[in-house]
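You will see two complexes here that share chain A, one where it goes with chain B and one where it goes with chain C.
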Partner chain A sequence: MRRISSPEALSALLVLLPLLAVPWAFKPYTANVLAVYMIYGLLAMSLGLIWGYAGIMSFGQTAFFGIGAYAYGAIGLNLIDRTHQTHAALLGGLAAAALLAAVVGYFMFYGRISDVYASIITMALTLVLFAFAVSTGGDEWVIGVARFGGFNGMFGQGESSQNIANFQIPPVTLWLPGMAAPFEFKINRESTAGYFLVLGASVVIYLLVRFLLRSRLGRVTVAIRENEARVASLGYDTRFYKLALFTIAGAIAGLAGMLFAAWGRFVNPDRFGLGFAASTVVYVLLGGRTNLLGGFVGAAIIGHLTSYLAEVVPFTTIPGDAGPWVTFLMEASRRIVREAPLLVQGAVLVGVVLVLEDGITPPLFRFLTRHRRWGWWLLLPAVLLYFGHRVACLQADLCVF
Partner chain B sequence: MSLDTAVIMALEILNSITILVLLALGLALIFGMMRIVNLAQGEFFTAGAFTVLTAVRYAHLPLWIGMLLAPCVVAGIGIAIEWLIIRRLYGRPLDVMLATWGVSLLLIGLITVIFGAVTQGIPFALGNFAVGRYSYPEYRIVMTTVAAGLMLSVYLLFRYTGFGRRARATIANPEMASAAGINTPRMFMLTFGLGAGLAGAAGAIMAPIVGVVPTMGVLYIARAFITVVVGGPVVLLGTLSSASALGFIEALISRFPLFRIETAGHCAPPPCEISIGGSAFFGQIALLIFAILLLRLLPQGISGFWRQRE
Partner chain C sequence: MPDPILEVTALTKQFGGLRAVHLDLTVDAGELRCLIGPNGAGKSTFFRILSGGMKPSSGTVRFRGRDVTGWDAFRVARLGMSIKFQVASILEELSVLENLHVAAEFRFGNREGRRRAAEMLEVIGLTERAEHPATWLSHGEKQWLEIGMASVGEPTLVLLDEPTAGMTVEEVKKTVRLLRRLNETATVIVVEHDMNFIRMIARRVTVMHQGEVFVEGSMEEIESNEGVRDIYLGKGKHYAVRR
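Let's turn to the complex of A and B:
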């Protein structure tokens, strides 16, 4: 176990060091984008935790993400003007996500529903929540001053003459006893606090989950994944252990959702949509589900891939005198690029399942374990190449982020 | 409740059941017989609707020809997908599920690339008939008839034809069937194609009453799966009984508001209320909650419960 996990820890460190330097080396936009990749990575890690370590495939991990985001938004909007901090919103979002996960998990595991059925039920849950969030467009759908807003997403109620920032979901705001003024975690030209909040949360949760997996709970759930009947016959209540891990994973997804709502100061029904659910599964599948880093790796790769696709394909207008074939090809490529996220996700799902069963990181870590002496030197150029390329294109003002 | 209200209520329950049967039939075949969770089933439904749309809008064929064409086209797509992807993944249920989800996303993307992300309607010429003070669309009666016809044909096909016997033998014991000279990969392929074709037929039949849009399958896939899971291992009777139970609940809650909650919003006519029940959306919520409760009590589904008692 030690030997397999050590390349994981070392590569985590290797990625963490450049990430610490990002706000000083790059534009605020880079920090902003990397923050949202880390938020998605955190969500993907929560799915990897229950999928890879307990064998529960949840298509609906985004349900807990969305609930966390909406609960944080509703409580935050209501309390920020009175208390000038979002402590209650953070606790409320976490509690809402954990509670939903506990209730759904109770019905699934105590109903002894098989693995495949559990996937279907979690997926149905997300789709129903999507239908719910979409149908809340009317004026009557409010909690205090927070409007659900249907497709438009959650906003506070305010006069249209006011600055929009006054009724957006508040950023994470701390005002602990002893602090002179409330502190807001934002990402912009002046502040990188929001970036470090997300980075810090990712690192802390990652370490906590690693610790958790070494505990009794983690070891029993891994055993359940391998052979549930045997674990049950040894006297463990397998339903309870599964429910506990599922609830913890739901709470982590909810935390990611809260960070997301505070990051974009916005949440809309897309977080419950099938596309987002699919991309979360794709992150885990591509990155690898047998370790905790896989989700982060998958989120970063897919995130970069889709934004590159949007960058490289020219959005020029079709000239009027172009022949029918040129017009057809340009129109076709434009339409394909518009649907690129969906097509990329679909292709990755099919491709990884058929070709690369375990995802990217497990073979990589196996390689690093086998060639401990020189394997790392292969990783170094990759990291240098990536950051060198980012710096170069920033210097030339060519890249979008 | 006066007589005509009762009749309308009964007709709406019948309509809910019809829709659930149409959605679930192909899925039940693929899941119940092959144990494959086919998440692309919603897109087979969409493909059926788009076949009708193409036939009517672009090829100017009569509606009924489009509706006959749709199951054939979609069965072809299903057979191609089985041959290309699913064949390699038998015995790995979770991977099949993920791969079919990938196929589902690819199909949505592809249909959007071709037809654009707009909702299109299919015109049709059937009126309403009167039930006391109410009027009711004739087309819904047609749908119920077709659904019943499809169920009966599937039953007859599997019960009495040579194909049906070979397919059942393959599903019951692939090795033995193979030893007896049945081409088992071909049987799996054809069964999958049949399930896809049934979804295509459902999409074609429902196309005139719903908006035809590339993401339409997503709206129905959850309900179809819930119906199949609640139905349990017996394909036809299980689907019918779970569709009946769930359809009854859905129609009832869609129709009658249970209670109202006042909220603090700024509504144009002042009383700001949320009505729980009385809309299609709450019907679907009720369906989901009822299904989860039912699965807590009967983990093997309704027909699994019958089997246990025998």
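Let's turn to the complex of A and C:
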């Protein structure tokens, strides 16, 4: 009973039950949007892992995300017609991201580059990749049928690409022994299989990382964050441990990149851009870097805020008899909200970071831990009731409220 | 006659025009050696060079018969040397038990490391505080925790840089007991300023002054040495620069 009443079990139920119900409780669009938040969350978790737990701030975690996406796209576009699955593309994307992280990490950590410079180097890496990716618009930038496409992003060419399905990066497609036909994890108006793939990958990676943090590697990297000189004087080669965690985080970012390429069936150089790199840092700061779920929470909040603000139009009409100052203020607030949601996001970030030093998730968990009895008796039933009602309403047209 | 565990030959450390360390020193296995000297004598710099935290300008350090000059800290530690730094250097956000577990795990692995960490908790008297974050500990407790971390991996040589700094009399007595216990299995070199503490533990004392070994001998010999008194009180001919 003690085990079942643990705050971990409560948190898992409060998070997982709604996420599992989403495809039945809302339109597929919601699931698709949530899937991309989770993909960004996975990327943010990889940053939180090395930043929050090992104290290494990688400003260019998006480099590994982008490499994973491009490698998956290039291999997937070339092989999908022949093999009808994307196993090699998945492995290739993961390997490319992990290899890049291992090489960059090796030179950083074995070259004894300090933490501030590690941030600058990783940022430079993603910007170099951005500059490279945008310069690949020419006809010569082709791997098989996969064309890099410069600013326009990666697409397939050749005879088969006359069909739009072959023109785009393929969705994650499995054809395992024993399966009669390949299974595509599509995300569109009919299918939410891709949503469950992203959810499943997020849950599995989260559990694996939690397990990892409880292993020797996790303990030592946390210890390195606290006091590297002390850890080295205990006999640990701190460079190796930092490299190992950095490579794992790079691989997770690469996985997120592959899921992104498969989700949107598209990848362009923006994934290497400064804006996306900064957004990832914001997700982690907002959500909290000392909790693995922080990245997911930050990504969901910023993502939702962005799409919400894009729809909000305050003061659609400004009264003709309004004074000049009122007109100015109304017009200014309309422009800020409509045309510069980033400003509002920034304000939210500054506000949250000033008030909550650790970001949103850690204090939320502390609150839930302290009041878990209420969580079990009030919060969980409320969530179950709401989502149960949503599912009944949408699936069987049984709307009570 | 016991074998020397540490042989330091013509070791120097130069910071620009300042020669912070310039010494020869031999420590036998099983010794409890005290290293004293006024502020700026080069004791902590010497410890940092020994433990791999700093590269020397010249000279050699032989530890357990191997030339370890300029080795990285982790390699020196793997050969059996551990250090308690001058400023308490613990893993502040980790629990007291986790601090000791990380320290023991390298040598003994996860399970055995945890068992040894729990044993060490009793030795340093912090069993009640096992689950507390190390940052909650008092100054003296932090010092004991670090001594525990430095000794839980069963090193052959332990360097302790000012283990009783800022401690009460009772805390100093407890530290003396800890040190004696540690010395049963390991060679210990202690840098200290507290002469009462040194009287309680020392068999052989080395006095450093301006980076060099000024004099070496028993506590009685050191205390009766006029030059040592001059150094500490800052007067007399011995206080002048000797180079």
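Convention: the second predicted complex is superposed on the first by the 310 of 401 C-alpha atoms of A that agree within 3 Å, B and C clash if a C-alpha of one lies under 4 Å from a C-alpha of the other, contacts with A are read in each partner's own complex, and residues count from 1 in each chain.
By definition in this document, a residue touches a chain if its C-beta (ideal position, glycine included) is under 8 Å from a C-beta of that chain, and two chains touch if they have at least 3 such contacts.
Quick caveat: nothing in here was measured; it's all calculated off a predicted structure.
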item: First (chain B), second (chain C), both or neither touched by A:E226; value: second
item: First (chain B), second (chain C), both or neither touched by A:G111; value: first
item: Touched partner set for A:L368, first chain B, second chain C, both or neither; value: neither
item: Touching partner for A:L274 - first (chain B), second (chain C), both, neither; value: first
item: First (chain B), second (chain C), both or neither touched by A:A96; value: neither
item: Greater chain A contact set [chain C / chain B]; value: B
item: Residues of chain A at both interfaces, chain B in one complex, chain C in the other; value: none
item: Complex interface listing, chain C residues touching chain A; value: 51-53, 72-74, 77-78, 82-83, 85, 89-94, 98, 101-103, 105-107, 110, 149, 153
item: In the complex, chain A residues that touch chain C; value: 216, 219-220, 222-223, 226-227, 229-238
item: Parts of chain B lying in touch with chain A, wherever the complex brings them together; value: 37, 85, 88-89, 93-95, 97-99, 101-110, 112-113, 116, 215, 218, 221-222, 225-226, 229, 263-268, 272-274, 279, 281, 284-285, 288, 291-293, 295-297, 299
item: Complex contact set, residues of chain A against chain B; value: 57, 107, 110-117, 119-121, 123-125, 127-128, 131-132, 135, 138-145, 147, 157, 274, 278, 281, 285, 332, 335-336, 338-339, 342-343, 345-354, 357
